[in-house]
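Take a look at the structures listed below.
Shared between the two complexes below is subunit A, which pairs with subunit B and subunit C, respectively.
Presenting the complex of A and B:
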């Protein structure tokens, strides 16, 4: 077949696809407008002098080279926020993974009232971030918070403590809330994967003399590895970009002890009004997320290659 | 002659009719006003009074529709800023006079008032503090609405139990805190910001940042400033002056709870704290009084102003509404809210209702009430000062080191916002 004749045969096919293109057009336009454009605008801004409160300076909206990046990397608060982001991610990820796994294993057993417990375990996930943050802020309150009242009554504390107001405890209190809220998301993925495992495999293993621990490590974990990895990576993105809980509970404080890169970028953008440095900080976060996603995708692809 | 007079009269009548029509045409349109959520809430007395005033304006101007848009105190500035930068946003917005209008003016998002009224007329009509809180590069941008200032709320029972009277000077306050500490009572609660602490600098005749020159100059570490800072640090460290809740008081409700529940003996705050404390429902027995006196009498300004979006389609109407809502015609709104007008003709005692007469003492402080430094990014300055206070609270730095670091950080901030 010649190139001209193949073009002729391809054209009617393309025409037939127009309704399809039209149907996906709103979604494509939405993605381009709300994701792709802001991403490229953000990249451009990170290399631009864009201090909103100095629009009349000659350098405003001009190419800044790497100066925004130099500025943030020489800022002790940004370096502290990187350290906090790493700590925040590690703590949240590890705790959510362990507790979600335990919860999924328990809810996968034949228990009385299993449906009720499964529904109840999803409640934290369904609670909006703002409501959760407000509720826990109230619970941690130094004056009227139930945690302090109980701790003092039980003799664990001599006087109430401002949990969210102290540099040593604020980070951990906010992390606790994020963990509490994040567990159900991870758990539901693991539970779905566990339910797909045939009970016959476990029965065979039992016949072969494998105990519960061996069954978990040799059967359960290898089978659910892939959905677990997907859930983990999705969860990781949510953890790194967690903003609402931190901002509503501590605003990244006190003394930036709970400041992560996301809150730092927000502070630069909306309090300092420097969109250039705010975008540079966001780009650092974006690069970290890209690296994590790339590593995950390579691992996932490698796994599929081996199994094929 | 008769014909000529008739013709003249007809022309005059037509001209008058045309003028009226032109004015009516000018003052017509749909105005969106962004206000705090409690203003359009008609379930409250203040909300009802506010909406009545809005409706009265609409009735007086048949072609005008006013649509209030509710925002929270935390994000009214950010949401307006984002919308205005994108070329939209409400026509009129109220702003806290803690430097918000200056930031928006610096971004070119507000219409200058000299398009509508002369500076002289503004200065004759409004109090200087609130008016200057919206002044950027010599131009006024904000129509002052109501003003308040920081006062001292005292727990009468605690003071009586310790044989103390209401403190009037720095020395009195120090003594009170020492005696209260000995007797196991808490000291001061206030919002975790620089707000109340500015008063101590002003009482020692230190403006924190001198804004009289072209580029603001940090003077917090001059002799007067150092003395004020040392006083604040002494209250914190030696007198155990700030109660535990101060560390987490990033909203005013935590301040009210602390005072109403008896954790603190003193509360530093404005007139709005009265309803906040009463709202907790613990029936604490307290007195509202003026701030303590240092070298001089001084306290910090608060309040809100009306500002016009540069993107508005109806600038004349927007200004006219701002003028109206802050005029004596709507004093009933302020009376219902227990607020003091920022106009010079406001009568402090007569303007408040009977149940709010205890707030008159705060209004009497207005002659020596001072605004925060009128600089770009005041919120960042506030954050820097608050963090310096917290380093002392947490014992991470002493008075001398914290002041040196604070002054340096403030200077760096000025450089980044104004250049060298």
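Presenting the complex of A and C:
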């Protein structure tokens, strides 16, 4: 709605444009130097032999063709990490979306103490990832963790379980923490969209005899569809690159059961010290992200153009 | 209002119950963290009693006076504030230029900025390692802050463009007519209207930098230069961990985040919705 007025005030001839270029120059230079150049350097790196363990071999820092890519795609650990990434993303996204939606719907009602509930439910988002990971590592601990203590006390377990040291449970425990931490971010965006809906629509729907279930599917969801999709895709990018939680809780283990592409690329780069294959793996992740972000752009632009 | 009270009562009961459960799930880990931090070691390792019976501040004293916690804390505050300041200044200028002038290539710039938000951190971390090595900026805060700006700046530009494009610029026009310069019109008048968007953008820069772990772990080697998130690992031993100390450190490390969050959170929904809904 303010578009019309901003267009009107930005009349060409009346204003000199050079201060505008001067204003954007520092940021443009920073983005070029800190995002665009490293991106191309990274693309080049994925086609280069760059194993830091053997810097004196003649092939070091020479063109490698596709060999970094063939190397990772013949690595069972990488293939496993792709599968884990898909599982990780699906589980996280589904759980975060459902809980965030329910929470946003509840916090949009006229509850007593609503602002208290709102602030408090945002706490997991405010907590740094690494702190959350350390906290839950403590809670899941086999000897001193409250989860084992309570489970044993209540008779759910006969003896304490090493939740993070077990290939059956480690993935799910880490996913639980990521979900716990991810719900508020998704919720804020949904809540912002919900608050833009006028209550009159619901009142007239009530008069027409629509129940809450029908109101949600017929009125609420269609209206918030676009912001919901955008928030979901933004959240998805956070989920796919959720390094801290995984690395601090399990380091991708045990037996790579919680390894995703991101942690695989980190391991190749800074533990195995082969920056070439690490870059190749991060490129695979990047291509997936770009496919996702194309969808994001479509939705964000809608029919209004990028300049909106 | 009172057509079907029973149905509404049940609905609001479910709503309250759900809200309370979510808040309990959100908060209980930290309540337990604080309780643990207040316990004596024997009680932590024999944890059948959840509530500490002999409250002690030894863990907090240990963290504050017998560890490098305060040093790491100061490092993190310094890096976070510098990163936030630089990216806010650059982003305010850029967003003002992009929304208030008709610039050649403005759409390309906005599109590029949007795309950089999709870069996974590891994608840039690997080439940065080589670049920083060439520039001699490994183990240096200059290098670290530069890398942090690579992810705080695009978000800040994007969110501020969305914020600025929704402002009532007639106010600025009026101030200009009253004899203000562009600069003073912005800083005297517009900054107040743009406050929610500015606060939330600053909050995100703060949180993303304070939260960062991977870059700090890869690029900072000197012990006394470590950031808080990485330095916390000091409290985790290879074979055994002093959980009381670690939990006291966790408690203390959350203080600045919660203070900043408390100041800004009331602007959160408004300040973010501009960027999300307008896209």
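Quick note on the criterion: the second predicted complex is superposed on the first by the 280 of 308 C-alpha atoms of A that agree within 3 Å, B and C clash if a C-alpha of one lies under 4 Å from a C-alpha of the other, contacts with A are read in each partner's own complex, and residues count from 1 in each chain.
Simple rule for what comes next: a residue touches a chain if its C-beta (ideal position, glycine included) is under 8 Å from a C-beta of that chain, and two chains touch if they have at least 3 such contacts.
Since we're looking at a predicted model, the values are computed, not measured.
In the superposed pair of complexes, A:180 makes contact with subunit C only, with no contact to subunit B. Contacts of A:196 after superposition on the shared chain: subunit C is touched, whereas subunit B is not.
Judged by the touch definition given at the top, the superposed model places A:69 against neither subunit B nor subunit C.
Of the two partner chains, subunit B and subunit C are each touched by A:270. In the overlay built on the shared chain, the residue A:143 is in contact with subunit B and with subunit C. Once chain A of one complex is fitted onto chain A of the other, the partner contacts of A:212 are limited to subunit C, with no touch recorded for subunit B.
Judged by the touch definition given at the top, the superposed model places A:57 against subunit B, while subunit C stays out of reach. Looking at the superposition, the partner that touches the larger set of subunit A residues, subunit B or subunit C, turns out to be C.
Note: residues 141, 143-144, 270 of subunit A belong to the subunit B contact set and to the subunit C contact set alike, using the contact criterion stated above.
Of all residues in subunit A, only 51-55, 57, 140-144, 159-167, 250-251, 253-255, 270-274 touch subunit B in the complex they form. Note for the complex: subunit A touches subunit C at residues 2-3, 5-6, 9-10, 12, 15, 17, 19-24, 26-28, 30-31, 34-39, 41-42, 45, 50, 99, 102-103, 106-107, 109, 111, 117, 119-124, 126-132, 134-136, 138-139, 141, 143-144, 146, 149, 153, 180, 183-184, 188-189, 191-193, 195-196, 212, 226-227, 230-231, 234, 237, 240-241, 243-244, 247-248, 262, 265-266, 269-270, 275, 278-279, 282-283, 285-286, 289-290, 292-293, 296-297, 299-302, 305-308. Contact residues on subunit C toward subunit A in their complex (touch as defined above): 11-12, 15-16, 18-20, 22-23, 25-27, 29-30, 32-33, 36, 44-45, 47-48, 50, 90-91, 93-94, 96-103, 106-107, 109-131, 146-147, 149-150, 153-154, 157, 165-170, 173, 182, 207, 210-211, 213-214, 218, 229, 232, 236, 243, 246-247, 250, 253-254, 257-258, 261-262, 265, 268-270, 272-273, 276-279. If you check the complex, the residues on subunit B that touch subunit A are 78, 81, 85, 103, 106-108, 192, 244-250, 254, 257-258, 261, 263, 376-377, 379-380, 383, 387, 390-391, 394, 396, 416-417, 419.
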